Structures are given as structure tokens and as C-alpha cells.
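The structures considered in this document are given below.
Shared between the two complexes below is subunit A, which has subunit B as its partner in the first and subunit C in the second.
Let's look at the complex of A and B:
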């Protein structure tokens, strides 16, 4: 997939998402810039609590009501940050579809599959008849590899992988431009994972949709994404094409993250990990957020937030790459 | 697909087998028989009862005999007929009272649990304040203010049970609304009321059905208690609680039949409801078994 081509379907400009807690705000997403183009898949990776899921749900504004949004989030050139619940509903499902992490719990257990589809279709096309909806449902189920006659069953009659297929079909049935897949394969075994990922990729091509793939699994993004954005403590610390990220990681965090992927070599019993833990997002440090765990730490890292440096076709947010741009 | 289709009778048969197949199912069956028995008594009272329940038909305080199976009371009225007619008042008030409690408590619980915030705080406070009263005392207080009559008694019973529904529903909603499928429904653009009605309500309903059937037994006894204290239906309408009260004055003159038969009627009705609810309870919600 060529970079910098095709229209941007989603653009975050200095987007901040802050959760309200009792006394303070948790700055879960704290100023990220990201552009998603038509037909493109962006993988967002990072460890737990780095804000990647917040970003994903923030696109649909599914977060608690008191959550604050700053900056801009353009979905097909419409800034959704000021939109209220009622206007947001037109975006949900229709423009941006979402696939959730746990297919076991994300389908209403007491509703037949055909009814799930009917309710979703009816929401956005009022007046659609049940029979029409079943026809559409049959087609889409066929596409995700489920026998159409199974639409008369309840979600619990499906296996985990099957349910995730239903979930994908449900997210695609309104033909959205963007699909946010929040850890779509985390709770599935590796074989089913591969099937689901292949399916997603095929569907992306046939629907010409764009995917935001949120995961902590670097194997999954390696398989699917065109570009990868690495998040750490609310920031995107590095963003580039997949190959560049894997073969020439720039940011120290990316490097360490790639090293800590477990492998199946029985002789390599040592599990690598990054010592320390991410900073609190209530009062994040002034300087670089990764500084406390970074092996390449310099004195400036603690003092000033690193700038975003354009490098090698991508971007990295690190003082190591500012070379002589002497900000001090 | 044709195999999925069954005759209605066959489907009813399957359902009945689910319902009554197990040990607890047999309990449910017994309970429902008792219930059906009382309902038949209430509906067909004029055809079943041998005498008019408010007419003097024999001597005062006649012991049970061939003519008067359950004996007569101090005014010479046939106790059997009064017990049969009494089931009308007992059943209609307990059903009505529980229905009113359900209709008020469930929507409030749904809204309170889903919306949360200060509304939830206020409603929970009010309901908890009502809940701390002993049921009968609260019912007496309300009944004393409202006065006698079927509707008024039903309302005073409803006041006692509304908080139960509210609390059960509210807590269940608070748990269910964070379920992934509710989130997923929002992600697909469902409206708020749709989420409440189509996603949350059906998922919390089973726990309420259980409370509903258990409350029927309680409501029946509360009603008997109220009319025993003279706060129920105005005489001479036949009513178990009231008859118990008037019979109780003649126990010392060895007229045991005056309290035994209305009392047994209350006991069996309450037992029927309880057994039935117990069965329904375990049928719909196996996890409740552990909790109790």
C-alpha cells in the first residue's frame, strides 16, 4: 500500500482524551497526530494502559460521559470532538465500525443473530423489513464464512472464532469507511487468529475500508498493518511503515518492545522485558515519558518533552534524532 | 429448516418437560397445582360455594357437619363458602399489589441503574429508606392513611415491595450496562432507550421474575395481616384475615373451626406461591441457588 496517497478518512490533530476521575484527569491520550488513508491499515501497538484502546473508543466517543476531548479528530472531514451523543450515533456503525476484543461477551446473549443484524440495520435504515434484513444478513454472513442458516441461532451456539466472525459481519454490515478493531484476536487461539486476520484483510480489500488495528501483539500487526504507530503513555512515540518499524526501529521503546516478543525457541528460555513501568498518566513527567526506562537516556530527556522528528519517511518522538537541531 | 418447525403441542410438551422434569421441577408442579386450585376457587366461587357467604344460613358457631363442612361462624354464616369467596380478595389484592410494585419499581430501577449520578443517589436513598421499615408496619401505616378498599390495600402492599424491585433491577442494570454487548450496541449506533429496553431489560428480567413470584406469597400474608387488624376490606365481604380475627374471639368457647379453616387457606396459598417461586427461581437462575 503506497504511502501518502488516497484521501484521508481519519485524521487526529493533537488529539487529547482525558478521563475524569474523582479529583483529577487521567491523560490517557495526550496529543497524538495520526492520519488514516482510504484502504490503509494502521496498527497501533503499545503495552497495557498506553492509551491505545482509549484512542480506539474515542473515535466513536464511547468513553464515559465526562471524558474531555481536545484537539481535532476528523472523521471524513467532520470533527467529531464537539459532537453530542445524538450526532455521534450517525457516525457509529455507519461511518466507523468497531470490533471488540472479546467476542464471547460482545454479542447480546438473548438475541438471535438475525435479530442483532436487524436491529443494527433498522437503526440506520428505518423502515427496512425483517425479510430484507435477513437477505442482507445472509449475504454478509456468507462473506465472513458462516452458513446463512445459522443466523437463526443464538450467539452462545457459536464458537469463539465464529462469534468474532459474526462481530466482524455486524461491524461491516453498514459498510463503514473505517473499522476500529480493538484487539480483535486477543482471546482467540493462534489458528483462529490467523483466519480472522486474513478474513479482515480480505474484507478490507473488497469493501475498500480502512482499518485501525489496536493490539499489543506485534505478530498481529506484522501480518496485517501497512503502517504502525507505537504508543507509549499517551503519546505516539514512533510511526512508520511496517517494514521500517520492524527492521530499523528508531525509538528506544520500539527497539525494546521488539526484543521482548517471546519466541518459540526452546533454548532461549529468557523472557526479555523492559524494566520499570510506565509513568502515571495523571501527572505525567515534564520530559520524555519513556526517560525513566530508557537505556539511552540523556540529561535533556528529563527536562523537556522531545519534539516530533520526521525521519526516514516516518516520525519519531525522541531527543536522539534531533541531531544538532540544538533545542537547548 | 423444516426440521426446526414443530407442532405447537410438541413445543408445549418440550417446555413442560423442561419445567417439570427435575426434582425442583416437581416442586414447581405441586406449587402450580395449588396456585391453579386457588385461582379456580376464586374465579368460580359462586358455582363452587354451597351457600351465600354473607347470609345467615345456620345457627351460630355450629361445628363442622355434613351440611356445613367447615362449620359456621358467630353470625351463622357458612365458613366453607367464606373461605372459597375469600380467595377472591386474597388473590386479587396480592396480584394487584405486586403488579403495582413491579410497574413502579422496575422502570425506576432501570433508569436509576442506567443513568446513575445524582438521580440514582436520590432514588436509592428514598427506596432504601422505605426498605428499612418492617414490611407489615409500613403497610399498616399506609393502609391507615388510605383507608380500606381493594385498591387502597393493594397500594399499601405495593409500597412495601416497590423497593425490592427497584433494588434488584438497579443492581443488575449496573452490572449489565458495562457488559461488552451493551458497548457493542452503542458502537453500532443504538439509541439510549433501545439499549435499556432491548439489551438491558431482557437480561435483567429473569431475576425479577423470581422476586415477583416470591413476593406474591409475602403479599398474600401481608394482606391477611392487614385485614386481621381490621385495616383490610370492609365487612361483610369474606376475607381470610378478617375471618381469622372474628374466629379468634370464639376459640375459648371451643369453636376451633372459626380460625383453623381460614388459617389453613392462608397457609396453603402462601405455601403454593412459595413452592412455585422456588421452582421458578432455580429454573431461571441456577446461580441464585448458591447465593442463598
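Let's look at the complex of A and C:
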């Protein structure tokens, strides 16, 4: 696939998303640049709490009202950061489909599945009848492996994995151009996971859709993604083609993350992880945000935020790779 | 000594009928979520539950803790039959039996600050003498699950998925229970934090002789945690064995398929990886297939599989397996008689 050519369908330019809490702002996304092209899948990985879901939901502005957006977020050339709720409704579902991390909270548990689909379909096809809607629903449920007759039930009657499949079907039912999938398969067994990932990939190919795939499963990204963006504490610290990230990681965080993958040798019971914890996002450090845990830390790392440097066809945000410093 | 013992547990959920079906007196059908399973967990042991999504793992976990009632079967805890125990007596046991829910958002009260949510358990069970002592215990526990103390005053919706999950873990472990049902407890964590928490669970296991029912889709973590692993398919066990049995030499065709489908964190391997994805529809727990429940999707299906349900029997290498490929002779005899 053409990686740096296709038309950009989504572009974040120095995007910041800050949550307001009672006492302060949580700078969950704090200046990221990312371009998603037509037909492309970008995998987003990073430590729990680093801002992946915030970015994903920010694309649809599904975050609390008082959330502040800075910079630009272009969805098919329209900057959505200043858009209001009414205009966003047209983007949701039709242009961007969202698969959430927490299916129980995003699927109203006391609305029947058939009604959930009707509400979504009706929003974009006014006048569609309930029976027509049920037909479309039956088809898409079949595709994700759920008995169509179970559309009469409520989400709480489904197992975790089945809810997730309903969620996926709901995100795909309008054939959106961009699919934001936040941990789409974590609550599924690996066989259903493989089927769902195939389905997502088929849809991507047949409609030339683009996918933002947020996941902790480095096996899933290895299979699905064209490019990978690695996030740490509100920043993208590295992005590149998938092979480069796996075989030639640059940023110390990426390197240590990959080292933490458990191997399958039954005799080896050693657990590897990155000691320490990420910084507060309310008052992030002025220097590099990974410095306190970085084995390659230099004095400048505590003093100044590292710039983003282009390297090896990708980008890295680390003092080790800036000109003048001794590479590695 | 076994801490938990389940005997022939079944759980059937009634399926909602439409008005039309009620009028036509269509008979009530049931989702057979759990359909006859037995196992025991020794004190200090971790029993893993893996398998198909919708095969009844969560239902099993809830039954063990009596959060839902089984349709049939008995549950023993610490040598006592608790199947019919009244709610007062159950309440006394609650501190010792904790659950880490699969869906942390649904498990947390949205209007309670997360610090208070953890403190609630300490208050109820009178752990820690003063309020400040309790707060200190909580901050220590937050640190052990790799969360900053500044999350104490946040509400559940103000956390990330993996942070919420760690709150639920902290809330369960701080009570120092004897037995924990961990339902996909580490699913929303990145590999590094997941390993860190695995380490914590293993430490606590040693420290307090903690016993786990460990439900997971992530087969890699079972290696570190589980003494034995049960593989479920459509409400039943198809195979029970050690990590080595299940991971290195799976016998049941469903287990084989499951292991082959695990994605590997390596793009080159993924490109050439051959998966044994079973053909056919995801089965229906309302009308499970006759005979072996996996037979419509099994590449090795034989005639006997369509009619006779394979029993769960011990194989020479000490695992339990329910498949006619390995018990063919006895099954054929059964069918003839």
C-alpha cells in the first residue's frame, strides 16, 4: 500500500486535549501530530493512561463538555475542534465510526439491541422503517457472529465478548470512512478476535476505509497496522512503519515496551516491565516525560522537552537523536 | 485441601419471548450458559479459565461467589456447602471472596470518588483503625498497582480504562481475601503494566496463600499465574491441564485452534502465520449441537461425535480431555449398548 501518498483523511496538528477537573486540567493529549491516509491502518500503542482513548474519542468530540481542544484536528479537511454538538452528529457514525473500549457503558444496557441499531440507522436515514432496520441489523450481526434473533435482547444479557461484537456491528453499520477502534478485541477469545480483525480488514479493503487501531495487544498491531504511533504521557514519542517499530525501535520507551512482551517458554517465568510510573498529567515535567524512568537519561532530558526529529522514514521525540548528540 | 469445589454446575438463563411467541405458546427456551461443569481449586492454587467468548466463564465465576444462583449443582467453599447459605451468612464470607469484574466501569459507582470506593470496603470490614490509617493503606495499594495517589479524588469516568481496572484490582486485594475471581483483570493494560501487576498478584499469592480463579483470553499470562487451566467451549470443559499441556501440546481440536490463533508480536511471523480457524457459525447456546458441541466445526469430526457427548476423562499424561479422538473405543461401545 502507498504509505506516504494517499489522501489524508485525518490530520492532527499540534493537537492538545485537556480535561477539566475540579481543581485542575489533566493534559491527556498534549501536542501530537499524526496523519491518517485513505486505506491505511495506524496502530496506537502506549502505557495505560497515556491518552490513547482521549485522542480516539476526541476525534468525535465525545469527551466531557468542558474539555479544551487546542491546535487542529482535521477530519476530511474540516477542523472539528471548534465544531458544536449539532455538527458533530453528522460526523459521528457516518464519517467516523467508533468502537469503544468499554462496551457496557457505551451500549445502553436497557435498550434492546434492535432499537440501538434503529436509532443509529434512523439518525442518518430518516424515514427508515423498523422492519428495514431489522433486516440491515440481522445482516451485520451475522457478519460479526451473533445469532440475529438475539437482537431482541438487551445488552446486559450478553457476554462481554458478545457486547463487544454488537458494538463493532453498530460502528460499522453505516460504512464509515474512518473507523476508530479502541481495544476492539480485548474481551474476545483469540478465534473470534481473528475473525473480527479479518472483518475489519475486509471492510478497510472493500470500502478503502482507514482505521485508527488503539490496542495493548502488540500481536494485533503486528498483524493489522501499516504504521504505528507510540504514545507516552500525552505525547507521541515515536512513529514509523510497523516493521521499523518492531525491529529497529528508536525511543527508549518503545524499546523497553517491546522487551516487556512475555515469551511463551514454559520454563522462563521471569517478568520484565518498566520500573517506576508515568508522570502526573496535571503538572507534567518540563523536560522529557520519560526521563525519570529512562536508562539512557542525560542531563538535558530533565531540563528541556525534546524536539520531534525525523529519522529513518519516521519520527522520534528524544534527545538521543537530535543533531550534535552522540547517536545512541 | 481444596478451598473451592464445584460439582456439576448448570446455569440456564430464560430467553425473552416476543409477544407473538407467548401467544403462540412457543415453549420457553434457555441460554445454557454453563452446562455441567465440576472442578476444584486447592488453597494457594490458581485455576485458569480460558475459552470461547460466551462459553460461560463469567457466569461460572459469579456462581462460585453466589452472585447468581446456579440452576443445578453444589458449591463448596473452605469445606462448607454454601449453595444454599442465607444472605446473612454469605455476607460474613464476602470479605474472603472477592471478584475483579470484567467490566470495571460497570463495577464502580459513578458517583463515588475512587478513593472512597476503595475505602468503603475497609469501612465495612473494619480494616485499619483510624480514617488516616485507612487512607494510608489505600495510597500504598494505589502505588502497588502503579497509580498515582492524585487519582484518589477522581471519579471513575475521569480515569482511563486501564486505570479503572487497576482500581477494581486494588479494591479487591486491599481486603486481603482468601479467594479472588479475577475476570479479565489485566485485559486493559499494556504489556509492561500487565507484567508489573502479574508480579504483584504472584507476590500476594505467596504472601497470603491467595487462591485465584483466573479468567482470561490472554493465554500468555496463564503461564505465570495458573497451576491448571480449564478450556471452555459452549458451557462445558473440553480440556483441563497445565500450561504446558494446553500451550505446547493441546489435544482437543478446539484448544488447538485457540492456540493457533494467538497473534504474535512480530510482523514477519504474522505474515506467514497459519491459523486453524474453525469453519462454520459461532454456535448457539440456546440449541447446542448434539453429541460433541464442537462437532459442526471440528475438522476431525467422526460419526460418533454427532451423537454421543464425549466424557471428560484423564489422558495418560494426566490432563483431562473430552474428545472422541482419544476415547473413541469406549465411546463407540457406549453407543452400541
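To be clear about the criterion, the second predicted complex is superposed on the first by the 276 of 328 C-alpha atoms of A that agree within 3 Å, B and C clash if a C-alpha of one lies under 4 Å from a C-alpha of the other, contacts with A are read in each partner's own complex, and residues count from 1 in each chain.
Note that in this section a residue touches a chain if its C-beta (ideal position, glycine included) is under 8 Å from a C-beta of that chain, and two chains touch if they have at least 3 such contacts.
Everything numeric here is computed off the predicted structure, so don't read it as measured data.
Residue contacts after overlaying the shared chain place A:33 against neither subunit B nor subunit C. Of the two partner chains placed by superposition, only subunit B is touched by A:123; subunit C is not. Touch criterion met: A:53 reaches subunit C, while subunit B stays clear of it. With both structures placed on the common chain, the touch criterion links A:102 to subunit B and to subunit C. With both structures placed on the common chain, the touch criterion links A:305 to neither subunit B nor subunit C. Of the two partner chains placed by the overlay, only subunit B lies in contact with A:89; subunit C stays clear of it. By the touch criterion defined above, A:195 reaches subunit C but does not reach subunit B. In the superposition on chain A, A:152 makes contact with both subunit B and subunit C.
Shared interface residues of subunit A (contacting subunit B in one complex, subunit C in the other): 101-102, 105, 152.
Note for the complex: subunit C touches subunit A at residues 13, 15-16, 18, 31, 50-55, 58, 102-106, 143, 146-148, 150, 153-154, 158-163, 166, 184, 187-196, 198-199, 202, 217, 219-221, 223-224, 243-244, 247-248, 257-258, 261-270, 275, 277-278, 281-282, 284, 286. Subunit A meets subunit B in the complex at residues 60, 62, 85, 89-94, 97-98, 100-102, 105-111, 119-120, 123-124, 149, 152, 167, 170-171, 174.
Residues 19, 21-22, 26, 45-49, 52-54, 101-105, 145-147, 152-153, 157-162, 164, 183, 186-195, 216-223, 242-243, 246, 256-258, 260-262, 264, 266, 269, 271-274, 277, 280, 282 of subunit A are the ones touching subunit C in the complex. Contact residues of subunit B toward subunit A in the complex are 1, 4, 179-181, 183-192, 194, 198-199, 202-203.
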